[in-house]
Each structure stands twice: as structure tokens, then as C-alpha cells.
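These notes open a run of structures that come right after.
In the two complexes that follow, chain A is the common piece, with chain B as its partner first and chain C second.
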Partner chain A sequence: MTQDFGWIHLVPLLNGAWLTIQLCFFSLLIGGAIGIIVGLGAASKNKLANVLSSIYIRLVRGVPLLMIIFLIYFALPMLHIGINFSKGFSAVTALSIYAGAYLGEIVRGGIQSVPKGQFEAADALGMTTIQKFRHVIIPQAMKFIIPPGIGFFIALIKDSSLVSIIGYIDLTKAGKVVSSLTFNPIASFLAVAAVYFVLCFGLSKASYYYEKRFLRST
Partner chain B sequence: MNLVFHDIIPYIPLLVSGLGTSLMITVICMLAGTVLGLFVALAKSSKITPLRYFGNTYIEIFRNTPLIVQLYLLYFGMGQLGLDISPLWSALIGITINNAAYTAEIFRAGLSSVPKGLYEAGSALGMNAAQTFRHVILPPAFRTAFPALTNQLVLLFLFSSVASIISLEELTYQVMNIETQTSRTLEITLIATVLYYGCSSIFVYLSNALARKVFKW
Partner chain C sequence: MFRKKKSALLTLMMSLALLVTACSSETSSSPTQNTQSRLDKIIASKKIRIATYADSPGWSVLNASGEYEGFDPDIARKLAESLGAEIEFVTTDGVNRIPLLESDKVDVAISVFTPTNERAKSINFTIPYSAAGLVPMYPKNKPISSWDGVKGKKVSVSKGSTGDIALSKYYPEAQLVRFDSTADAFLALKTGKVDVFVEEDGIILDLLKKNQEFESLPGQPFQSSYIAMGVKKGDQEWLNYLNHFIRNLNYSGEGAELYKNRFGVDAPKLLTY
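So, the complex of A and B:
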């Protein structure tokens, strides 16, 4: 039985959109934490931390997100070590690993954009490493981290559409379901695209005004 | 846990042909997308309002919606309109259009980094607008844009894996295919990961080597 595409189909799409937003929010939180650790590691002089962080960043950035999703959802259970994540958990894990590498690169770039004299000044004042980062480096690095960070979050919303392939009912998968229910892929996917557009475009406009208001002054 | 790779040996030709298709669509879509992107960037920075409006809308629409939805729309949408379009053509057209929006933004940044004095210098030498653009503006703009274009090439290669969802027989599609036939999920996913990583590293290496050779001035 087929149905005509109508307003009623916006309900599953908006449900999917809500799941996409949740997915991206949690992935940003976890990925952000990974990104800060890895970014600090990649910018540090400690050889071991530097090498490990750089390997993580390069490895994840050199592999398609789709492969990371497959590795976690399909391949990890094959190790038979008791790992068998649900679709939602796999999706958050894969996106967090992915976001961690890209955000790590942004954090590294931000820290290294702070002039060297600032590090030396903090040392000259007898600050500990934690004080140095907390009071001198991080506040200045934020200016270089926030704008590309928001840019990456917008990209993450779009990239999260790939989790639809393992069957997680996000916005894209909801569109696929509606499309096969109504036999109207044009209307279904145009509606899906419109929702993504509102999310991403709205966020990029908001970040533009935020940057204008808060970051230019410093 | 034990990894068994010998089951996969008979499928190596499939992997190779899948990788070939992935590389092919990457190269074609990068070249076509760069040319198209340059025109979109020119439209966006044009003085003619409708053209500028078009360039702007193009970039915003394709940069703010996922590639996967664009491919679905192209592949299944064309089918709905009664036009049979093959997965290969859908992927080539869809990824090129998508890629052009990103390269357009890269070129726009490159073009705006060129000092205004160069335009004046071009016209002072008696060049017309096209000559000034081709010989004076484009070379430094291209050099500024090149690192970002390299980055875009790698991203394009990685995201070409998305074309597997419209059943284009590229690397990811073949991986899923072999996975179904052998049930060697972990092994084949690892092989694919290594192949993707190796190729993207080679892309970075070749681009850097090319940049050193071309941008000597």
C-alpha cells in the first residue's frame, strides 16, 4: 500500500532530525574532550604524547567516516571480546572518534598560533604548566579554535547522515523510509535536505554573528 | 581472535577494480569540480547582482546539505522523473556538483587574498579583464588556494565511499560485497581501511611534491 506524500510525513522526519541533533551533540561533547587531549598532545614537547596524538589524528583523518562506522558496528563484534554495541552507541562512538581527530587538529593549530613569546612570558612569571595554559595560552588560542570548531560541528551534522547506512533512524534514514513508503523520493529527500539546510545554515549564520560580536574585539 | 586473510585472496581482483573506480571518480570529480568551482567563485565575486546571487545560493545549498542526500535525490529522483541514470553517472554528477561548492569557497578565499594593486597593474599594462585574470590574478590566487585544494582532494576521496549507497561498485561497495560472501568482516574492513589510508597518504605526498615543483617562484 502506498501513501501520498503529505504533511503527516514530516513527523518521522522531525523525529529523525531530533535524533540527528542528539547524536551530533553527544559526539561533539565526547569528540571535543578527545580533541582537547589529542590537540594538547600534538602541540606538546613530550615526545610520546606528541607521537601518539599525531598518529591518532593522521590515521583517523586518512580513513573514510564510513569505514570507521563499519569497523565499530560490524567488525568490533567479530573480535569476540564481548563488544557488541547498539546502533545508537556505535554511531556516537564512531562520530566521537572521527570528531576527536578533526577537533584535535583544530586545537593543535589554535595552540600553535599563540605567539611563542606568550609561552616564554608565562614561564618567566614562574607559572606552572597548568597555570600557563589556563591563564595565558588557552584564552588566546580560543580565538583560533572556536570559528573552525563551529565549522566542524556544522560539517559533523552533515557527516552524521552516514550512520543511516547501519540502520540508525536519523534524519536521512527517516527520509529513506518515507521515500519507500510514499514512492516519492523527490519530495522526501527535498524535505530532508531542507531540514539539514535549516540546521546547518542557521548554525553558520548564528556563528557568524557570534564571531562578529565576541571575537573581533579581542 | 585470529585473523584469516586467505579467504579473501580470490576476491583481490574485486578489491582492485573497486579501488580503481574510487580513484577514477575522485580524479574526474576533482578536475570537473575545480573548473566548475572556479566559475561559481567568479559568479559569487561578480559585480552583476543575479550572478552573485546565483553563486551565493549554489554554495550555500550544496555546502549545507549532506552529500548522501544529494546523491539520493539525484539517483532516485531522476528515476522518479522517468530518467534512467546509472550509478556511475549519478556519482560523477552528484560529487562534482557537491565538490564545486567547496572548491568555489576555496577559490573565493584565494581570489580575495590577491592584492587589489595587481588588478590595477594588469590594466596599466594594457591587458583586458580576461587577460588580467588569466595571467596576473589567477597564478597567485591558485597558489594560495592550493593547500586547501589538496585537503579537499583527500576529503573527496574519503567521501567517494558514500557512492556505495547508490550501488556504485567502488571500494566500499566491493568491501560490503566481499563481506557478505566470505563473512570475514574484520579482515576485509581492515584491508579497506589500510587501502583508503594508503591512498589518501599518497594523495597528500603527490600534492606536496607537485606544489614544490609548480610553485617555485
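So, the complex of A and C:
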């Protein structure tokens, strides 16, 4: 009934890793878009945008990711209002909402780290708001946004293992499955750790390269 | 002043969100009437969604080629065959089995489900298709002489498993150490973190073959609980069909045969209905 741990068990682990990558990729895209909007809102002088953005950020950051996933997948259908999202949609939505709040906070911090004089200088040159952000503020804010942004993405890759609550077999869950199949948890989880390491190390390398290549000059 | 107002607003919104979810779980437990039975839906769509474990050795695991294998998937395939439907397996665990049923993500849970009275208040159970027989596993050089020997000892179990439930009830004096999976609970015994490991007889017998330094109590396993299928409340027609299917499975001896194939020991005796 139990099998010995072998190369064949890398197959479910890699399938799990692929799922993790897909979920994180789409969540980063959508979450990144939410993050930029929310971050701009939180940094703006507009009272309404400011309050709405801070409510979003505080609410989402105050609720565990596990609960967000659970509520979207299980609680919405129980309201009997005809909403019953699929696994994939629920997982990406939950991760995006979660990422949006954290990235929003990072974007806000990045924009507010740009010295006030730069805003005033852009205004003095008669730039429109869009021009001001496009040519002056965002390029300078990027160096405060990218490093913590990548840091958050690395954390998201690991946090995304929570999707196993809705029946997804991601990398971590695949490790549990293989460990139950082989009764060799040490080998199974070492393999899982190795795959996570490859993913996250690659990302931090890319982030390091980006900083060196593009951010030195500014 | 403004700050205070803002936090009050936030608290209000949070409590509102909590209220919404609280209400939702209440409405879900009331039976929904005048809806089409799952039985008709399955026959019409030729698709059945079944929740099962991916990491419960013997009962149900997802193997390296991505297929579910074990006693529960065997039963699930027989059930699907009887309905002429194709199976869509949904991976479950001890935490999300009931939510999966309540939120209508699956039609039936065939997932080593022990029909406790508590659980039967929120979902419906079929008649049992199997029963759990528990045995202890311990090192040869630190043996226990009977089940009473677990009292005061550190005992590892898988969280929410039949071993967990039975020991909590019959041997509260044992110091239970609960792990996420059976494999972790076994590792705790192997690394000397606990004195005894308690699991289903089929799993333990298999482990004993590969781990000669351990042994188990001779004789009959400790019969602790029935294993049944779980369905969402309020669909009596679907429940009738499943009960009927299980009655045939038990009486024909087919179920016992599947059990013997998977666990290598005789199936536990069930009451004949």
C-alpha cells in the first residue's frame, strides 16, 4: 500500500508548483492593479479616495487570508443569492484582494517617500497630474516600491499554500499527499522546500538584478 | 476626533461582515424545499461530484499519476457506475468536508466520514458502508500489554481521525498529540516523540511489515465507529438512493471484498440492514 519515495513523486510536486505559480502570477497582475489604484488613493489629497483606500487596506490587512478564501468560496454560496464561484476564480480573487491591500500600502509608502520638493517642482513646471506622476514621481517612487514589492510576492508564493482549504493541491498540499503516500515526510518536505527555494531564490535574484540595472542611476 | 470616527466606522463594517456570514451559516442548515433532487440532476448531467481525501493512506490517496486510489475511491467509482455518471473528485480534509457539502460544491462526501451525533445535526448521513477498527503501534522495547496501557502515555493520532475521536472518548487519560496527517503521526512515533501511535488496522499492518522495530496488540481491533457517506441536508430522495446503494453493496459482499483488497484484512462486521 505505501510506496518508497522516488523520482516519480516529483511529478505531483511539480504539478503543485505549477498551480502555485499560476495562482500567484494572476493574483499579482490583478492585485498589482488594485494596489496601484488603492496606493494612489491613499497617497492622494482627495478625502473620499483617501478614506476609501485606507478602509480597504485596513480591513483586508486585519483579516487573515485563510478567512478571505473561505468566505469567498464557502460563505457566498450559502447566502442563496445565486453566487457560486469556481475554485480557480475564488482563489485568484481572494489572493488578489489580499495582495491589493499590501501592495497598495507599499505603493502609498513609495509615493510618499518622494521628497515634497519634487511634487512642487513638477507643479512649478506646469505639468498636468498625469505628466507629474509619469515623468517625475513614479520613476523615483519605483526604487521604494520594487524591493518590498518583490519581498511581498515571495511571501505571497508561500502564503498561497492556504488555497488547499478549498481543495486545491498546491505545492504544500502535494507535499502532504506525497508524504502520506510514501510515509516519508522528511524526503517529501525537503523536496517541497527545495522547489519553494528555487522559486523564491530566482525571484530575489531577479529583484537584485533589477535594482542594480535600473535603480542605481536615479 | 476624526480618527475615532473612522475606527468606529471600521468596527461597524467588520461586525456587519461577521453578521452576514453568521446569518449565512444559519440559513444554510435549514432544508431547502421544492428543489430538484441531486439524484435527477446527476442522472441528467451524467456527472457526480464526490469529496474524498488526498492524504489518508489506505482509505484514499492521490497517487503519483494523479489518480485517487483507496477504499473510498473504489466505493465512489461503484456509485458512479451505478448512476452511469462520470466522477469529478474534489479533494477534502477534516476541515472543509462539511462546508463543501453545505455550500453545494459536492454531491456526496465519501471521505472516511464518522457519523457522529454532533455532525448529524448539520448534515445528513447515509447508513454505514464500513467501520473503523483501531489498533495501537508501539516500539518492541517499550510495549503496552493492553489498551489500558495507553493511559498516561503520549499517543499520536491524525487530527479528527477515528483514532482521535475514539481515544478522546474512551481513554481521556491518554495524552493525545494530534498531527495534520497520518504520516506525521507515524513519524512522531518513529522519532520517539510519542510512546504509541493509533490508527486504522489496515494502515498499521502495512507499516508493521516495513518497520520491524514496532509491534501491535494481537487480537481483534478496537471497534470505534461507523463510516458513512455525508450529504447536504434536505435531499431525502438522494439520501434514499445512497442508502439503497450501500445496502446492496453490503449485502452482496462486494464492499467487504473491496475492503479486503485494499487493507489486506477482513472487513469489519456491519449490522445487516
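Going forward, the second predicted complex is superposed on the first by the 218 of 218 C-alpha atoms of A that agree within 3 Å, B and C clash if a C-alpha of one lies under 4 Å from a C-alpha of the other, contacts with A are read in each partner's own complex, and residues count from 1 in each chain.
We take it that a residue touches a chain if its C-beta (ideal position, glycine included) is under 8 Å from a C-beta of that chain, and two chains touch if they have at least 3 such contacts.
None of the values given here were measured: they were computed from a predicted structure.
Placing chain B and chain C on a common chain A by superposition gives a clash between them.
In the superposed pair of complexes, A:Pro185 makes contact with chain B and with chain C alike.
In the superposition on chain A, contact is made by A:His80 with both chain B and chain C.
By the touch criterion stated above, A:Phe214 is placed in contact with neither chain B nor chain C.
Within the superposed three-chain model, A:Ala193 lies in touch with chain B and out of touch with chain C [touch as defined at top].
In the superposition on chain A, contact is made by A:Leu162 with chain B only, not with chain C. In the superposed model, A:Leu71 makes contact with both chain B and chain C. Contacts of A:His9 after superposition on the shared chain: chain C is touched, whereas chain B is not.
In the superposed pair of complexes, A:Val51 makes contact with chain C only, with no contact to chain B. In the superposition on chain A, A:Ser204 contacts chain B only, with no contact to chain C.
Across the options 45-53, 63-71, 81-89 or 117-125, chain B meets chain C in a clash only at 81-89, per the superposition defined above. Of the residues of chain A, those at positions 59, 62, 70-71, 74-75, 78-80, 164-165, 176, 179, 183-186 touch chain B in one of the two structures and chain C in the other. If you check the complex, the residues on chain A that touch chain B are 59, 61-67, 70-71, 74-75, 78-81, 154, 158-159, 161-162, 164-165, 172, 175-176, 179, 183-186, 189-190, 192-193, 196-197, 200-201, 204. Listing the residues of chain B that touch chain A in their complex gives 1, 60-61, 63-70, 72-73, 76-77, 79-81, 154, 158-159, 161-162, 164-165, 172, 175, 179, 185-186, 189-190, 192-193, 196-197, 200-201.
Listing the residues of chain A that touch chain C in their complex gives 1-3, 8-9, 11-12, 15, 51, 54-55, 58-59, 62, 70-71, 73-75, 77-80, 84, 164-169, 173, 176-186. Chain C makes touch with chain A in their complex at residues 6, 9-10, 13-14, 20-21, 24-25, 27-28, 32, 51, 54-58, 61-66, 90-93, 95-96, 99-100, 102-105, 180-184, 186-187, 202-203, 206-207, 210, 262-264.
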